[in-house]
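Lettered A, B, C, D, E and F in written order, each chain numbered from 1.
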Amino acid sequence: MIGIALHIAAGCIALALLLNGWRLWRGPALGDRIVALDTMVINAIALIVLIGMIGGNDTYFEAALLLAMVGFVSTIAYCKFILRGDIVE
Amino acid sequence: MILLFLLLAPFVAVVALMATRDASRRLHVTIAAAASAGGLAALLSQAGAALSGRMPMVTIAWLPTLGLDLALWLDPLALLFAGLILGIGLLVVVYAHGYLKPGEPTARFLSFLMLFQGAMVGIALSRNVLLMLVFWEMTSLASFLLIGFWRDKAEARQGARMALTVTGGGGLALIAGMVLLGKAAGSYDLATILTRADAVQASPLYPAILILVLAGAFTKSAQFPFHFWLPHAMAAPTPVSAYLHSATMVKAGVFLLARLWPVLAGTEWWFGIVTVAGLATMLFGAGVALFRHDLKAILAYSTISQLGLMVMLLGFGTGAAVSAAVFHIVNHAAFKAALFMHAGIVDHETGTRDLRRLGGLAAIMPLTATLGVLAAAAMAGLPPLGGFISKEMMLEESAHTLLAGQALLVPMLATLAALLSAAYSLRYAVALHFGERRTGDVAAPHDPGVLLLAPPAMLAMLALGLGLLPMTLAGPLVAAASAAVTGGAAPDLHLALWHGINPALLMSAGAVAAAVLLLACYRPVAALAARVPAPDAKRLFDAAIARLVATLRRLSGALHVASLQRYLAVLFAVALTLGIEAAVRHGIAAGDRPTTSASPVAIVAWFALVAATVAVVAADRRRYLALIFISVIGLVMALAFIHLSAPDLALTQIAVEVVTILLMLLALHLLPGRPPRLSAPPRRLHDGAIAAAGGLGVGWLAWAMMTRPERPGISRFHWDNSYSGGGGTNVVNVTLVDFRAFDTLGEIIVLGIAGLAIYALLEPAARGVAGRRLREWRSNDRHSPERHPMMFVMATRLLLPLALLVGSYVFLRGHNQPGGGFIAALIFSIAILLQYLASGFDWTDQRRKFGEHALIGAGVLIAAATGLGSLVFGAPFLSSSFGYFHLPLIGEFELATAMLFDLGVACVVMGAVLMALAQLAQIAQRAAKAEAAEEPS
Amino acid sequence: MSVIADVVIAALLLLGAGFALIGSWGLVRLPSTMERLHGPTKATTLGLGALLLASVAYFQTRLGIWTAHELLISLFLFITAPISANMIAKVHLHRVRIGAISEPDSIAGPPPRPDGEGDWATFEAPRRDNPASTANS
Amino acid sequence: MNRLLPHPALSAMLLIVWLLMANSITVGGIVLGGVFALVLPKFTQPFWPDRPRMRFGRAFLGYLGIVLLDIIVANFQVAWLILFRRNGDLRARWLVVPIDLTTPEAITMLAGTISLTPGTVSSDVSADGRYLLVHALDVDDAEAEIARIKTRYETRLQRVFA
Amino acid sequence: MTLVDHLPVAPIVLPAVMAPVTMLVMRRRRIVSVALSFGGGVAMLVAALALFAMVQDDAIRCYALGAWAAPFGIVLVVDRLAAAMLVLAAVLALVVLGHAVATGADRKGWHFHPMFHFQLLGLNGAFLTGDLFNLFVFFEVLLIASYGLMLHGQGALRLKAGVAYVVVNIVGSALFLIAMGLFYGLTATLNMADLAVRVAALGPADQGLLRVAGLLLVTVFALKAAVVPIHLWMPRTYAATMPVVAALFAIMTKVGVYAMIRTVPLILGARAGAAAWVPAPYLLPAAIAGAVLGFVGVLVARGMREQAAFAVLASTGTLLMAVATWREATLAAALYYLVQATLAGAALFLVADATMRRRGQYADAIVPSPRFAGQDATGLLYLIAAVAAVGLPPLAGFVGKLLILDASYDAPGWPAIWATILASTLIGVVGFSRSGSTLFWKAAPPGTDPVAAPARSRADLAAPLALLALLALLTVAGGWVTVQARAAARQVMAPDRYVAAVLGHGR
Amino acid sequence: MSLEFLVASAIAVLVAGGIYLALRGRTFQVVLGLTLLSYAVNLFLFAIGRLIVDRPPLYAKGVVTHADPLPQALVLTAIVITFGMTALTVILSLRSFLESGSDQVDGDAEPVVREDAA
């Protein structure tokens, strides 16, 4: 049962990634693209967790943690670039 | 040993002259003269031995593997030649003392002259053909320097270059010829080669050898059609002309023909080429000489003609002809050197060398005139001078020579040449010294001092002596030298003015009579000759070279255009071509390893990656957008690494991606917005084709490899020994810090260097043009005024300790679980960069306590020191050790030197990353500040 | 026991994945940028949270190990997600203000001015010594 | 005490995070984590000036509970909106929330809470730090929503940051 | 292990320590830093000489880093060739270092000394390593250090050329990784000796991939060696580089050649199936083109540095003609020529530097300038350097060419080799005589601006003089050198002994 | 579809994109191209160890199936080196732009096609 649920869940996340990708491609506003990218990161974290569960392996945890911790840095940087041009002032 | 002294004396003089270049002219001349005189004395001391067949020899091994030894000998031919070189050299040195104007750099002049002398002596004495080549090319070089001595004169420079090009080029052909000769004869030892005529002449290489050797000899000896450089070499100071371009260097070609006569002569090829070339040159030179007005030009063309005579004689292939040639070498050296010096005196005293502006000098410069007339008479082949005897011998030999089946062809042409020689010689003697008095630029010229007069006078006496007492003065030497040339016994030699009435005498007398006749009606003949189109060799040569250089420059410029796009296109094309070649030749089929079926998630991720890649390409000039798509690729890569069992790679990828994006955004800030497209559609199509082919190729390689079964390899050992030998369960990390720690050491050094280079690039960017551009820099975008968004700032304050903690954790566990120094360092760096992002450069920089340089330096040192530590224990560099320790309360824990190494890694990585980003941020910040200062507030 | 655990885990998985999907669907279907911002920043909180809980339970039942470190992921996301949303909103406000965006930015229309003196921080730099001004000490 | 342990709460948090990461509670882990929990706050002190005092007692835990509950509830609400509400029927609003909190830490926490609960996003702060700009996805009565935010979150936060 | 046993790692550890130390000290005390830098250079030379002496017994020495035996760990392998290259690099480095300090070039940015030592680290590592991936790493080290050195002094032109140089080499590195990946995929090993064994054992199905791997690998080396047609990056890069740095770079293209000499007979030799002698059919034409294009470049160059760069191209072409026949005798000739070409190329750059420093605004442009101080001295040095570079007697260049001619006789394509060597030499002679007479003989017409702010010190003549003296020594001691070269070539062409030395006789 | 095919085709697409961009005329495009190329090369090098799902090379007694650790170590090294090179390239091209005022990789401009005039 869990196996099926895991695969359904992974399928959902994959679909979510596709939807993010569509928004990223489409835009139209820069804000939309950044949101889409940010969401992709979140979905990627979800996917990593699922991969870990599917494989019965918790060694991927750090990757998810790292992504949660630093994934937003690029989002912020993209935003700051638009807002200020110079991301470090 | 004496031979070695002979060879080295001139070179020692070169060094001495250069060392004393600021000393007096007297000292310079003394040094040079001493070298020549000493050499001459040494030579004479060995003359007896050389002539009696107890040939002095010396061999010093130099390049035994090549067969190039410093092997010298003094056979009669060498003796003759070396004697000429040293004897005339001595006279020229003395003459130069009087000739050079005060203030002219005698040391330079004489050192070049000595360099030349040494090289010539080397040619003469070499008993190894490769050694001879060394000296051969050196003479070209010395000649180049000497012709160009008056470097301010254009004709000197051009003449020098032309001489070097032609004789140096010939020398290169000679190199090929000599090496082939050595190959055919089985040795580079001259004595051996001379005994292998049969082998050489039977070799299929013989024609090539002959032609290449002759190319060397003919260019050096100014044989038609390679003669043209010689007249332009007259731009050299006259002592040089006298020495190099009449007496010695140009005779090196003749010498070479004589030297190799036993092994090369006697064939149809030899006879045909050498005789015809000599004959043609003799006629041509004489003909031109007759109508020149510059004294040195007359002498130059006469030299060409006389050299042709010698070459022709050697071409005949008979012993008697060889004797004639050898004797003429001596004669010509005497009278032609004398004549050049004579011309130099005239030039020196009257300021001109134009025959039309000179005349009647006999009355005011009697001594000069006497020696001039004497020498010219020798050149004309008049009795009782030496020139007469050798000319008689020549005519005698030509009378017996059949060319192209014609018995009369050679004698008639030889007579014609003799006629012309007599004519220009008499013209020189008569027009200059007799008739109406014309004195050039100077009102009352007079005989020069003894320094200028004595050397040519001695030579003129010699020319006379060679006629009056030929057997005494030259007989034994010429006989022995001729024997050396022919390789047989000494010929039955009778050098004498009178041989009775024979065809030669008749031809000679007729020629002289006709010459007188010709001079009598010189004017109309000259007018007629002037109509003959005479190509200006120098102009043609210069134009040809100029055209060649221009064409080559265009081609080379077109090829080496500064274009990265071209560099890369060619590189890709080459790699592609080679890959396709291999694939076509041997086929690259997929293997039979069972594939793994892909999950829908994987397919989606793949799709995302492909779409993002396409998007990056499509959005390439919308740089910001392209970067966002790059982020997607990075994300998918990280996911792929996780899916494919590489957590360390995933961690690294995630962290590196963030840092890279920050870096690119910082740079992007300073680049112009959206630039116009640069390349036209065909170009893009062409690049697209390369790109598609490259992609398919690499993809196929990957496919072929992945579908092949794994092979047992070294990583099995790594797996098995990771825990037991490396003390860690994360095999990737143990590989990085232990099995292949040496790679990692190199890798962090790369990173450290990158940091330094970046610092070096950005540190001075605030100055100069870049600084101005930075100050003028102004973004077109309107920006929000808020610098430090509150929520962001607050979050980073909490994140900093958290991130440092996570980083430390990742560092400590890296040996056993995914992680390690590199990833930890990236996390640390990102944590600090986050502060920069949130709170600005200054704020953060003030609070940072460690410099990047220190981090990089310390990191490399820690890593290296860890490696060196193992030396103390007698283990190789970078040997690790680890142990499990037990402490109360804490329990068991592991300590490994590899972790210390990893600490070094972390320091360097952090230093380099911070260096790159902080430096870049700082410059961006400076630009922003400059912008803010400009804005009205 | 294990059946119940399995059911709980499966339910959490489906819940989490479902919310993640709904969030992303919102990103696609909502009408304009500000609205779209709500999709992911909301649904993914619970979505990921449920998945992480599932993971905790899963590893406990399957491998018999208590892994609580999934909570850390949530912790970091709770710290970072609002910041991302805030910055993206700022980007949007800014872009609308400078006229870089032509289509309607939100159903809500342009944001009202705050009542106090001054404007929103994105449009007017905060002055020193007030809570909104940070990092200039 | 203050010099050794400038931020006890932060230190405690770090220790907990360390133990969570290590995924085990051993003496060795606690000692090692403890070292970091002591060192890191000290080391990062310059990067967090004017740190406000916080109470991590009942007020804080209560606040956490309420937020978690709200997140779960709001998640379902928003999911409903996304799935079934037509775009035209969305009642998106800008809310200008006046704030009484005075430290940036507290304001950030409030804004973060608002963003974490689905349906609302903290979009900006006024330049004087006294208003929060919140975008709400579907709000019938703006004033009521503002009042809810203030009473439910801000008052509690005021107690935490007392 | 005694300290002597660790000698093989010394040429790498010394600069690895010296670079950061000079970096850290340089910021405070320049003099100390320079002294340290020199000390490091001398120590490196001593180590290189000691290694050179050590391999005189013809035994190949292995040093297993981290005590992990080959093929599992990384080994350093010292044979005659490697030791000789170490000596060459150390000698050149000392001379260049001296010149940099004497002319103050090292002060144009404080990172010269660390970069310099890093560069040597990369070179020495590339010479010593017996591991393919490690070779990649050291290539990267020497490349990135060369970027740093190349940009030393900066200027817009240099920066632009720098971008091209860096990018091309990054692409080259990508190719290297692909080639290496293929080798690993086929053989599951990285140790070069082990690779040799395993490549020979590959089945027929893998031959295509093997050939691709071999060709790509050699392509990468060819890129570094500036082999036509992928030499295009080189002339501009070297010409834009500060001459003193370019002088050091003279050995960089030779590293590419070295890598070919090291890997081809060993891994892609007779037993390599489809990859046996892979570069052979392509290398000779490319080498011929290189010699011709190089000397044509010498003829048409507009500046002395550009000319020197083309001379380096020419020398590489000439060298590769000899290498391309893959015979012991020609290889020996090539090795001799390699040494002399490196020194001659460096000498040309240093002479260019000395001339530039005296000609003020005329710099190194091959145009007549007003008389300048030291014209005779620099002119004489230029003459000698040109003689060496073009291969006229009496210097080693001539000997080298003679060796190549002699050894290549009878090899496939020898007439082409001979014709190229001789014809290209003639082009070079014409080129150098034109430029030399323009630079040092011809005076600018009256009224031309006088030379502004020329350097007056004569200290900058010492280094070129030293190089020329070395060239003379190379000529005089040619017998000994050729014997050494022959022995080194014999080792290289006998890969079995290398394999046995690295992997042990048990295998 | 197999994983191997996905990876191989991804490599192909990345290489193609990388080469195409590397051949463009502006430094930033070239940098992007190099980035794509390095992704491709890393993936290639990784794939050379063959693809194994969910068996990270963490040593444990008795484990037989695991991914090849060596290519992973090599890729890690390559990623680090690539990062250093990328950083240097980015900054070098920026500096070059600041110095010369042009971000074109080649000095002489090609004919400019203005297709964004609209």
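Definition applied: contacts are C-beta pairs under 8 Å (C-beta built on N, C-alpha and C of every residue); 3 or more make two chains touch, one makes a residue touch a chain.
Computed from a predicted structure; not experimentally measured.
Shared contact partners of chain C and chain E comprise B.
The set of chains in contact with chain C as well as chain F comprises A, B. Contact tally for A-B versus E-F: the pair with more C-beta pairs in contact is A-B. The innermost chain, defined by the distance from its C-alpha mean to the mean of all protein C-alpha atoms, is E.
Centroid analysis (C-alpha atoms only) places B farthest from chain A. Taking the mean of C-alpha positions as each chain's centre, the chain lying farthest from the centre of chain C is B. Centre-to-centre spacing of chain B and chain E amounts to 16 Å, using the average Cα coordinate of each chain. Computed from the mean C-alpha positions, the centre of chain D lies at a distance of 62 Å from the centre of chain E. Computed from the mean C-alpha positions, the centre of chain D lies at a distance of 40 Å from the centre of chain F. Between chain B and chain D, the centres computed from C-alpha atoms are 75 Å apart. Multi-chain contact residues of chain F (touching two or more other chains): 22, 30, 40, 44, 48-49, 53-54, 56, 58, 70, 77, 81, 84-85, 88, 92-93, 95, 99, 105, 107. In chain D, 17, 21, 23, 104, 107, 111-112, 122, 125, 129 are the positions where the chain touches two or more neighbouring chains simultaneously. Chain C has residues 23, 25, 37, 39, 41, 65, 67, 69, 72, 76, 79-83, 86-87, 89-90, 92, 94, 121-126, 131-134, 137 in contact with two or more other chains.
Across the complex, chain A meets chain F through its residues 51, 54-55, 57, 59.
Of all the residues in chain D, the ones that touch chain C in their complex are 17, 20-21, 23, 49-50, 71-72, 74-75, 78-79, 82-83, 87, 90-94, 96, 98, 101-104, 107, 111-119, 121-131, 133, 135-137. Partner chain A is touched in their complex by these residues of chain B: 599-601, 604-605, 607-608, 611-612, 615, 624-625, 627-629, 631-632, 635, 638-639, 642-643, 647, 650-651, 654-655, 657-658, 661-662, 665-666, 668-669, 779, 781, 783-784, 786-787, 792, 799, 802-803, 806, 810, 817-819, 823, 827, 830, 833-834, 836-837, 840-841, 917, 921, 924-925, 927-928. Touching chain D in their complex are the following residues of chain B: 790-791, 793-795, 797, 800-802, 804-806, 808-809, 812, 835, 839, 844, 847, 887, 889-893. Against chain B, the residues of chain A that register as touching in their complex are 7, 10-11, 13-15, 17-18, 21, 24-25, 30, 33-34, 37, 40-41, 44, 47-48, 51, 59-60, 62-63, 65-67, 69-71, 73-74, 76-78, 80-81, 83-89.
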